[in-house]
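Chain nomenclature is as follows: A, B, C and D, assigned in order of appearance, with residue numbering initiated at 1 for each chain independently.
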């Protein structure tokens, strides 16, 4: 069971095909699989459908794949931070399917957990529910949403072992754990690669069964989108 | 003599009860955290996967792995917990968050709320707004009474909805309206901002409302 | 936000009513809220619907509430270890609704996460699917299952802080995390009560938002149903 | 000269490939762990919330918080992880477990499987069996060929089903049958136990099967 690859490029080798669907973890630029996204850019694969909460910013994260015009469709909840996105969308080069953030998270979790569809109150009475079944339970209306599943999931974790067990750090967890479960092949970049047995088994966020390939990316560059600070005297925001 | 942004935030903070779990939206709602009354213990939820959100970090202590739903750097507190987006919206959808305070473009007299897109303009997406308005137990809207002299309190929203019949209270710079979503009788005017005349509110409000000051 | 109660009896005071629905964590006798179950027995409340994977054994766990005839209905996946259960069931004093274990777990998770119903392949073509909607997705059949929600959930955790944040230990986790989310009021007994801030926030299994009441039960009696051991020389089972 | 329980377990162990995640049922399937060929790396899943299940503990090292789905005390390994029952059955239902080896009362020629209840007898419940047979990628049944001289390999199950069209391989004390679930052509007899005559298998099998030894 050899899961560790020596570089991001090698870790995705043999997995890619034009037109495939890729999930990419992260919220904003927090917890995104930067090294794996760069490897996707290098591969030149195109016509991609990307499932990701956001689309990066110009020059970082999925913004890289927009620059190289490798993405033809996005499934996201918010793509506000990216000029290139707007340009390509308005030029008709890029399709977008907006999902409410919680619905997106739940559709991915459902995909990994063998749930083909579920009902949620989110979006009832809005354009999100158009064309979807709406049904009453206990007198309230709910809309049916279906599962998402990808060919490949790209994950960023803080710590991983040789078994593929993963631990995330703070709000860099976000979409990564569900995406790790909802793809044919899951590739994880980890900031710390540790020996199997050194992570407390009660504190593993993603069990190794979900992770096929791991690559060690020490000290990844992490950008901050909105640097907000307080002065020492201030108590609150 | 309308309320300032800070006064609106302070008024919204009065909706917070001791022990509440609260989600604050971007803009004026973010300021609400500064006006939580002393003695009131509140836990802030950030939908990207955090409960017990702390203030902005001190200079030099920013952590790129620690941001709020507005993508701003924040800090943690002793009671903080982190979890996935699926678990976070499970909390929201499952009705575990007591209060959501957020901004809006339009609110209708039946509680319909619009705050995510303007037809013809580039759409950025709804983010977590649809989940929050549908799932959180009580939704309080804080917004300007008008946008460029256009009323925002309407009989029916003209913009695409974020949620249907979801708003319970609207706090504007001019007044505070309650919405009894089940009655179908429109809004109830509860308060006027200091120095604002009832006449001005009547003029600038398209939603039908009863006065119960 | 005072959540800590000084005894199991006090921690459930004011929550009980005849005929109510209670979720009780645990798998077999592992990770069951023993002290809280004893407190329920002492309270004398009856006509209970209990949602729990198992029904304890004679003299332990939910077996106590069977002895005192406080349960009128069980929602479980397996109740094999209990003679009293069989007697009361055959006498018509006890109703039972069997759920496949994974369906039971998912129904509870759905109840906590605001999902009124979902589709699963488990049970299609069996008696479990009788009277339920069956629908095709991608050419395969799935049965619709609905959410479970209780008045009170009784939880056993290893560690808890004053905020209600919980950590479980090994396979004693089982149904506890989902049940903690799926009740009007969740009461947790914890083996270790620690100060708020002493649990790593990345390693909290159940955030305090789900827990209304906590009671410290140090050194609870833990029974083993099937004590199996190997001799030193043996490598495997 | 039928196979012993140990020989059946050893035959079942040959279905395990390197890197497989496997769930073993109670009874003969539990023995399979003893016959995993050297050089084959396998991870055992226990549906009560554990991956990487180790052997029974040494005397004195039993931990009441560490049991398998049969409620037996077990041990952990370096690769072990623990998770909730919801996550555990998410793995099962989502098709992440490669192989399930379990016992059965009856198997029909179309792969229908019955192993959870006998009408008229006290029903104990299906536990996780329905989830496992429906969700795991490949289901291998290990069972006696007959029960008290009653055939267990049938044209149609007479007992209430655990799953419809779920079994892929049946290993009995007499023979090994493959089931091509999509063909509708019945079972395929693949192997005879050492010293067992084809005639005996024909006699004791109600399911139609083609011989492809």
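As a convention for this text, contacts are C-beta pairs under 8 Å (C-beta built on N, C-alpha and C of every residue); 3 or more make two chains touch, one makes a residue touch a chain.
Just so it is clear, the model here is predicted, and its values are computed rather than measured.
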Co-neighbours of chain D and chain B - touch as defined: A, C
Chain whose average C-alpha position is farthest from chain C's own: B
B-C compared against C-D, more contacting pairs: C-D
Interchain centroid distance [CA atoms averaged], chain A/chain D, Å: 36
Interchain centroid distance [CA atoms averaged], chain C/chain D, Å: 28
Interchain centroid distance [CA atoms averaged], chain A/chain C, Å: 32
Multi-partner residues of chain B (at least 2 other chains): 76, 82-83, 89-90, 92-93, 135
In chain C, residues with contacts to at least two other chains: 106, 109, 113-115, 120-121, 168-170, 173, 201-202
Contact graph of the chains (line, ring, star, complete, other): other
Complete list of chain pairs which touch one another: A-B, A-C, A-D, B-C, C-D
Residue numbers on chain B that touch chain A, as the complex places them: 30-31, 33-34, 46-50, 55-59, 61-74, 76, 82-86, 88-90, 92-93, 112, 122-131, 134-135, 160-165
Footprint of chain C on chain B - complex, ascending: 18-19, 21, 41, 43, 45, 51-52, 76-83, 89-97, 135
Chain B-touching residues of chain C, taken from the complex the two chains share: 1, 109, 111-115, 161, 163, 165, 181-182, 196-197, 201-202, 204, 207-210
Residues of chain A defined as touching chain B within the complex: 27-31, 53, 76-81, 86, 89-90, 96, 98, 100-106, 108-109, 120-128, 158, 168-178, 205, 222-232, 234-237
For the chain A and chain C complex, residues of the former touching the latter: 106, 110, 113-121, 135, 137-138, 140, 142, 146, 167-170, 173, 200-203
